[in-house]
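There are two complexes below, and they share chain A, which is joined by chain B in the first and by chain C in the second.
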Partner chain A sequence: MSREVIVIGGGIAGITAASSLSESGSRVTLLEKEKYIGGHVKKWDRLFPSFRPANEVLDWAEKSMSSDIEVLKEATITSIKREGDKFTVYIQNDEPVTGKAIVLATGYELFDARKKEEYGYGIYDNVLTSADLEAIFREGKKIVTADGKTPRRVGIVHCVGSRDEKVGNLYCSKVCCVTGVKQAIEIKQVLPGTDVYGFYMDLRMFDRHFEELYFEAQQKWGINFIRGRVSECAENEDRSILIKTEDTLTGKPLKMTVDVLILLVGFIPSVETNKLASMLGLQTGDDGFLLSMDEHTQDNNTAIPGVFLTGALKGPTSIINSIADARSTALQVQVYLKSIG
Partner chain B sequence: MKQFGYTILEDRSIDIDRNDQRIREFLSLNDPSINACIGCGSCTATCTAGHFVDFNIRRVHTFLRRGEAHLLKEEIQKCMFCGKCQLICPRGVNMRNLIISINSAIERMG
Partner chain C sequence: MKIEGKRRIWKEYQKEIAGDHYFYVRSCVRQNFFPGSEKTFLRILKEVLDKDIYENPSHTTCSGIGYHSDIVRFETSMTMVARQFALMTEAGYKNLATSCITSFGLYTEILETWHHFPEVEERVRKHLKNATGREFEVPDNLSHASDIIYKFRNEIASKGKLRLINHITGKPLRAVEHIGCHYSRMFPIKGIGGAEYPYVLTGMIEEWGGEVIDYPERRHCCGFGFRQYLIQANRGYSIACSKKKFDSMRPYKPDFILTNCPGCPMFLDRWQYAISEMEGITYGENGFGIPVLTYEELAGMILGYNPWDLGLQVHQVPVEPLLDKIGIPYDQSSKFLGKDGKFIGKPASPAFLKFL
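Let's look at the complex of A and B:
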């Protein structure tokens, strides 16, 4: 079947790109590897900085998809062929799809916290990731220790898998800082008697209303922020977690016990992003994410005419910025389609 | 002359204009990784010596980068060269090499 544009990846960026393209007159096929569309946003409970439910944004995105968009779920791409201005995407156990342009929106995956063995994820029962905590919130579960008790103290470790050459990721994952502050407040909202400590190197409150959220976390919720990267954790006999860091603001080593430890895991390029990049011969940066033609002026274009990039496959980004990027991609695609006639 | 008991206090600020930057320059020429520190404190947190004596490898390193060379010589004697600071550093600062080089730098500079 022939469509004008093939969007690969049904996360928030892919959905928005597809609906923007459809709204502006293109016939779109959206390919998604999972059984559902919605990507990471579907797994999140509430969003920073306003605590709005993630569902609201996803519902909006899905509602803005016209019925003209053809959505193929559980689509595993086996190869992509380009002949002149025509692309053919071959899908396992399905008919190939053809189009004049391809938008890649295959996004990211979360860093595997087990790689930072010194934090004990997957070894100690009371060490969770930010995604695990989000699932607890989303499923309406209680935050409890492995023994089913209410934690008296929760620690939150920033920059897990980010800004760390020891795991090969020198880049900042951008959204973990504010996620950590958001989750700290959310813990206090459900467990007001629990003390929450955040361990950070820098708190990068770069976007609108982020700094205010940090201010609220300190002033309204009494969350403690300690400036120091956690060097290691050990499990106590009662399965609580002993953490070590330096309190760099006093210049002394610091240790403390927490009942639950949350690791703010960063972004890595998704398997699918890597796969498609090598299939199409696209350039990746030294951080492993895809490179556009020009990060300032042609950030949705690639060296291959008709292949476009959108969202977190170009590096860590927020939902807000992914949506904006997807719309800008749609515009660039329309300009391209017009140019080839 | 009448003594009023006033003394002139030594200025305790770090004076970048007057500090001796030669050791830092020498060391960073040999190993630019010393400039990559972001002050996260992982090194101090994991330092065995620093848990028992007044020794803070991150501060030593920061003093070095500010040209506070007079503090270095005595401080680095407390290091046990175990290398844990280097293993944990998220920026790949070659801390162990740095401590060893400080000694030879001090000797060279006199």
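Let's look at the complex of A and C:
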């Protein structure tokens, strides 16, 4: 099977790159390891900062895909070979796919919160991750404690697995801060009588309308933000969670109990990204994410002609930026295809 | 609580523990605090487990307390530890077993330092050579004595006469475990079970029939914390730490507390008396305290040793309620008689804490 471009990864970046390439006349194959395309966005309920349903964005992306794009799901790549300007991607239990260019869009994985052992995820019954909470919202379930009760207090811990030398991740995952603010508001929307506390180091409200959302969280919803890193959690006899932290604005140690604790998990490079990087001989940075040719001027190109990078495999990014990056990648691919004739 | 979550962590934090031929280094303070513990450890290894264990009378302090109190420089501590290594090397041993948690932590810190900075090791070798003429090999294996009891916990159980079961109710005894900070908090990978959910003591308790309580202040300091106690003005903080733990564990009604550090059993035991005198509070049943044990004492109890040979009579919190629950026979009249049969003295009865 011969196509012009092979896009690997069917998340929002991969879908957008495939659509943009197809729109501009390339014949595209999209390879996805899962049974479905949509990546992480498919697992999210609503998006910051506007609370728009995530499936609206995904629907738009999927509708943008022309029927000419060949989508291969459950595609496990076993090897990639390059001969001149031609790439051959070998797939387990399937025919190999060939093309003149490859776009890697294998994204990220969420940090495994169990690695922050002191927070007790996977041990204490009332400790969840932001992804667990999003699944609760998406499935229309109620936020309840392990005993089925409405929580009176919910704590949200920021920077779990990000900006944390102890777990080897010094980088910021960018979108967790605003996700935490969004989820805090969403909790208040469904549980107005519940007190919500966010424990943060910094609130990095870097993008448009983020700061406004943070203000809204405090002014309209009465959410408490405490500047302090949670040092440890323990389970009380009633399975509520005892938190120890420091309120660094008042300079006092703080010990409090919450009924449910949410851990805002950050990004880590995906296993698939590392695997493909190894197959292709691509470089990764200190943070484990892939390095492009030049982070300012050639951020979609790699040292290998015909291999392009897009989306969160280069580091944490938002959906908005992933879409923009994917379109930029498509343009770079077109320039390359034209150059090789 | 999802126990499978803990089990996953326990699997990740395992380590090599030498199986025989130990060069044993004692603690500076344990023979005063709980005088039967080290003797019991040696007895178990020699008589029950049939192991080769050797100690050298020329062994000195490792200087760990001074180091952690900022009165001994690291350079000095390293040279003193190098001398212990030299004693081990001269005796023909390669496996070091420490009685003290702070020694274990300091030895580990020094070995890690030398691993990452070989030039420091070379410098210390010169210091030792200049000062004593001695040379040394670093140990092949460094284990804390509780690691060794943990390693042979199954064998101790199989050779033991008793289980941690309430012989009247038939229910497992409920235990609080408390590891010393310098066991795995400095280097989690060097401790069985890691730092957050340590397994070294839990493994013994479970193997010997008991069950472990996970209470909210499980990780909190025992109250020793070196500067909290060594600096007299800070002792209020020391007792406050211990009280915080007792208040937190009390609702779970523990039958005993198990420790693997010199300081923890000392403070968790003695401060129960002090708190009872200050506040009139007792934490055990019927006016008693919660018995506090070292792992050697507990292993000795499982093996059916005479409680007074284990040194349990020097505990401030009486252990008799625990002995009664397990069904361990004891002669109350000989509690305060020494090995020569002479009366060794008896503490004055506290005002609130029941004492036998």
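A few points about this structure:
As a convention for this text, the second predicted complex is superposed on the first by the 341 of 341 C-alpha atoms of A that agree within 3 Å, B and C clash if a C-alpha of one lies under 4 Å from a C-alpha of the other, contacts with A are read in each partner's own complex, and residues count from 1 in each chain.
One rule holds in what follows: contacts are C-beta pairs under 8 Å (C-beta built on N, C-alpha and C of every residue); 3 or more make two chains touch, one makes a residue touch a chain.
Please read these numbers as outputs of a predicted model, since none were measured by experiment.
In the superposition on chain A, no contact is made by A:94 with either chain B or chain C. In the superposed pair of complexes, A:232 makes contact with chain B and with chain C alike. Within the superposed three-chain model, A:114 lies in touch with chain C and out of touch with chain B [touch as defined at top]. When the two structures are aligned on the shared chain, A:165 is found in touch with chain B, with no touch to chain C. More residues of chain A lie in touch with B than with the remaining chain of the pair chain B and chain C.
When the shared chain is aligned, no partner comes close enough to touch A:62: not chain B, not chain C. In the superposition on chain A, A:216 makes contact with neither chain B nor chain C. Contacts of A:245 after superposition: chain B is touched, whereas chain C is not reached. Comparing which residues of chain A touch chain B with which touch chain C, the overlap comprises 118, 232. Those residues of chain B whose C-beta lies close enough to touch chain A in the complex are 38-47, 50-51, 56, 58-59, 88-92. Chain C makes touch with chain A in their complex at residues 1-2, 5-6, 8-9, 194-197, 214-219, 251-252.
On chain A, the positions that touch chain C within their shared complex are 114, 117-118, 120-125, 232, 234-237, 239, 242. Residues of chain A that touch chain B in their complex: 118, 159, 163-166, 201-202, 227-232, 244-248, 251-254.
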